[in-house]
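Below you'll find the structures, each written out as structure tokens.
What follows is a pair of complexes built around subunit A, which joins subunit B in one and subunit C in the other.
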Partner chain A sequence: MWWNARHMEAAASERRVWKVVPGLSKLATYAIVIVALCAAWEGYKWLWETTGWTWPFLVDDTTMPHLWDILKAFGEPVTTGGPALIHPLLDAAWFTAKEAIAGFVLGAVVGFALAVLLVHSRLLERGLLPYIVASQTVPILAIAPMVVIGLGSKGVEGWKAVAVLAAYLTFFPVAINALRGLQSADPRAFELMESYASSRWSILWRLRVPASLPYLFTALKISATASVIGAIIGETPASIQEGLGGAIVNFNQYYSLQPTFLWATNIVCAVLGLVLFGAVALTERLVLRRAPEHYA
Partner chain B sequence: MRGRGDSVVSIQTLTKSFSTGVTALQDIDLEIAPGEFISLIGPSGCGKSTLLRVIGDLVEPTSGTLRVNGKTAHQARVDHDYGIVFQDAVLYDWRTVQRNVSLPLELLGWDRAKRKERVREMLELVELTGFESSRPWQLSGGMQQRVSIARALSFDPALLLMDEPFGALDEMTRERLNMELLRIWEKSGSTVVFVTHSIPEAVFLSTRVVVMSARPGRIAATIDVDLRQPRGGETREDARFFELVTEVREALAAGHGEAAGGRSSSVEELF
Partner chain C sequence: MTRVQNGNHAADGVARNPEEGELRKQWVMAVAVLAGAAFAAWVAVAAAAPEQKAATKVNLQLKWVTQAQFAGYYAALEKGYYDKEGLDVTIKVGGPSITPETVVAGKRAEFGVDWLPSLLATREKGSNLVSIAQVFARSGMTELTWRDSGIDTIKKMRGKKVGVWCCGNEPELFAALNKNGIDPKNPNDVTIVNQPFDMQLFLKRQVDAAAAMTYNELAQVLETKNPKTGKLYTMKDLNVFMMSDPKVGTGMLEDNLFVRGDWIAEKANQATAVKFLKASFKGWVYCRDHRAECVSFVLKSGSLLGKGHQTWMMNEINALIWPNPKGIGLPPAGAVAQTTKIAKTYGVITKTPKGATNYAYAARAVAQLKKEGVDVLGKKWKKAVVKVTPGGK
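Take a look at the complex of A and B:
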């Protein structure tokens, strides 16, 4: 059984290495997933191209460019003699990030305020909640021109109008989750506050809000990514060129000539969403210092 | 026997019916004098927890009169006359132990220095000095319940209401906390209303045991507990302790509507 013991020793020391460098195993997991995804992309491309399969779609360098070509595209000039793609993309990302962050903050504030209002009035909850839900069934594409033109006529800049559209997507998960969170405390915790004859304000501030935080952060994480989508989608009907939405529309038109540019733009969009998500997740860790099982 | 004027709690012909048609409490008469330790005991559904909540103005009675310190229960609540301890500690996860204890003091508007001093005293009283900065979920169930008691007593309420506070704890922790509660009660001089399922616990702790019967919830008997104070481990071995336990048990059985013949069998059950 000597080999068995040795195996176990090796396994144990391996586990120790993972523990010694905190986050190493997590990092390794990310790396493995990324490598696997890249391998899947290239493997699929290779298999379909060599076999000549065309189902469900034709695979070639236009529909699925090589990953290295996509990465290379960041360094290629958009127009002859112009700056490399990465520069206009970063400018566009910053522009869209501005819209997304403003929309995220606006949506979070409105959503939370709405939840606070509804939790204090059964009548309002019953009366308003169906319309809040219905608001999300109206496609943002239908509202975008109205919002942009309406706010534009009041002299509001285009990017601010897009922020309002992003807020339209983000307020909903915040309102619904915060409402649930504000009601989530133990009924006896409410009795306790009542036995102290606490004011509504005091119950809100000392009990409802802290109890709602885990729910709120779950909603904020959803909203963070939704705000990026809202900003990108909002730019399109608003005919705003400076953001990632504009870049997507632009590179879409040249897709048959330069497919890698659109794919590179997609990567930037995804990274922007991840950065906002990560910022919220980090804030959650700093704010919520609770029992481990409370981490979502 | 007890003058109504100086009672902490004075209840006459109090009834509580729920909208479902269930009569939870019927014709309750109870006078509680300052410094008394009253246990409410009875089968499930006898309304003992409801009675506690009615006294604490968390549930409105249907009819009858209720005065607490000569005031309405509502006024008593506004005046912060109640400290409440539930079966679970109901501590706030997002607060440290010391900030949990100081919660009612914050609500009463005490300044920081005064709060800190009182929290220190209270944690000393429940023997949790050194755990000020711990989080509730880092403590055992018994320790959590001690924090909850410290919180309830921190602002010197006239009346301490306890709803099966040790019901969720194991027997050994329960007995130890019984001793501690008696020590705290003697020291603080507060009046306690204590809901329990346990006959020995009720007899060990109380100056008086109020036996209730179910459907509708009524007071079946009131038994004075004349055990020597202060009580301790040897109290549980006192012959008088066993007599009183038997007396409560018989009152409970009688409340259940059992025939006189059932008495002796219920006594045998105990031993």
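Take a look at the complex of A and C:
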């Protein structure tokens, strides 16, 4: 909060107090946003139901179940005498997480390697970059079956093919941002390194890579969530029903019976994305303690 | 560490200290023993492997995700029937973006399960696929109306909103409408609504009639509470027009097993096919006689499925297979011809297919099972009464 800033400088004792408050206010902001979103959902539902509006779609307990019903679904058994929904969903989330993480790592390595390659060759950058960009304009839904089938015919297991698909979504932001980051160091630093007759290798590791880290982490955060999407989409054509993609297909089929189960699955998908995002953000904090972003 | 220090260390590292030398010897021994043990284990494993006769690996591509519609194959797997025939079968589940015909034509599975009209259509596009067994002897397709709507004959669907599944699933109903003087292509006769794969439109009464499979969507309606009474809907709330009912008489053949034409042309594969059919049929026979156990096999592979719904499905699937006067896997007389005729009339195919079916291997499998004393006809089988559960749980 900007108006706190001046007070913070005013007195050292006050500073300690204010240090706690931003943390609290951050938490409060999250809470307010969540409450507002929930209120918007329930408010929309209430308004459309009481007025009987049907545009753009009919609103009732099937199309928009109450939020508390969705949360309650986690504790309901899927089948008589079976475990609560949360258990098979967590199993599915773990399965999908494995595909997503494998894809994320593969995509990050490939993306970073591409960036290193391109930063050292103007010709390659000019030649390859348009195709890298073009690769992302092809819808993932069209590519998914091709990748799965192509790799499947080479004897690659289904989940690995799905990981490749996740990597397809993750390499792009990493490559583009890392390329930018590798070029981002102060030109004077380059001149200094060159005056020491530093090799390309040492310029890369001592100057380019450290300078690229903030860019890289921004890209990795985007990739973390994208890898989950890639994994979920890839599961269907890969004949995998153990993951969240399989759960979505299944609960979609029985939507009119158990609409809350599909919504609960969606929540798990979102949480999985958030967890991966959080893991990258945490790593970023640990690696970039002194990064320019955190000076402020 | 500087280079000089490095050099020193390397130079006197070998024999400076006799104790150190002793330690090293022990290490070498330990590694040698471990390596020896690993080698012995490898030899043992390698020697044990050839004793088992290498099983023939085959894949079965299902039409949809795991559900009781495919219980027979899961039973054959669980009960070891495939094993006994020397087959190592992998069941590949289907899904919204999987067409079994494409998978089999692309050599990613040897066997596929799909509806017969779909196979005929794929064949016409140039894929050499052959149906080798007609597992479901009759159609499970129905059209539902609410009893209180008064639409108690197909004739009365004139001028109504009639829901149909798209993309090759329309012909049975279209043929039924046509038989009753309603032209499905003429909007003045009837409004055809493209129905999604759930029963929402029907439950919300946004259509007057809706397509439903006996084993799935019909149950979904019955598993839903009537908001007016707070109780589950019952059959008394519905009119069910079954396409296989002689009064409607426009049923088409559904789940069949098919293979590639060039694959089955090879002698060795013909033997494999007979073995596969024999074990699969045995699985279906098992599910006829052990309904509850087969449901548990299905639930084991599909952890998100509801037991109530699958129990209903198992019973209704059995009703599509049993009884079969010719033996499981063999279509009733005239059924293939009727399927072909309706498919041709409604543009699923343009010409009468030749060589699309070959039931010789199924007949051989049935004959072998008969010899073993297995009841392949199911004459005495009676449909059970399954109580629906709220939400299909």
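In this section, the second predicted complex is superposed on the first by the 268 of 296 C-alpha atoms of A that agree within 3 Å, B and C clash if a C-alpha of one lies under 4 Å from a C-alpha of the other, contacts with A are read in each partner's own complex, and residues count from 1 in each chain.
Everything below uses one rule, namely that a residue touches a chain if its C-beta (ideal position, glycine included) is under 8 Å from a C-beta of that chain, and two chains touch if they have at least 3 such contacts.
Since this is a predicted model, take the numbers as computed values, not measurements.
> Kindly say whether there is room for both subunit B and subunit C on subunit A in the superposition, answering fit or clash.
fit
> Consider the C-alpha centres of subunit B and subunit C from the C-alpha centre of subunit A, and write down the angle between them to the nearest 10 degrees.
Taking the centre of subunit A as apex, the angle works out to 150 degrees.
> Using the superposition on chain A described above, determine whether A:R206 touches subunit B (first), subunit C (second), both, or neither.
A:R206 contacts subunit B only, not subunit C.
> Check the contacts made with subunit A and report whether subunit B or subunit C touches more of its residues.
Counted on subunit A, the partner with more touching residues turns out to be C.
> First (subunit B), second (subunit C), both or neither: which does A:L192 touch?
First partner only.
> State whether A:N266 touches subunit B only (first), subunit C only (second), both chains, or neither.
neither
> Between subunit B and subunit C, once the two complexes are placed on the common chain, what is the minimum CA to CA distance in Å?
For subunit B and subunit C in the superposition, the minimum C-alpha gap reads 7 Å.
> Show which residues of subunit A both subunit B and subunit C reach, each in its own complex.
Common interface on subunit A, subunit B vs subunit C: nothing in common.
> For subunit A, which residues are in contact with subunit C within the complex?
Going through subunit A, the ones touching subunit C are 58, 62, 77-82, 88, 91-92, 144-145, 149, 152-153, 236-237, 239, 241, 246-247, 249-258, 261.
> Which residues of subunit A touch subunit B in the complex?
Interface residues on subunit A, with respect to subunit B: 186, 188-189, 191-192, 194-198, 202, 206-207, 210-211, 213, 288-291, 294.
> So in the complex, the part of subunit C that touches subunit A is made up of which residues?
Contact set of subunit C toward subunit A: 61, 65-66, 92-98, 106-108, 197-200, 203-204, 220, 223-224, 299, 302-309, 389, 391-393.
> Quick check: in the complex, which residue numbers of subunit B touch subunit A?
53, 56-58, 77-78, 80, 82-84, 86, 88, 90, 92-94, 103-104, 106-108, 135, 137, 161
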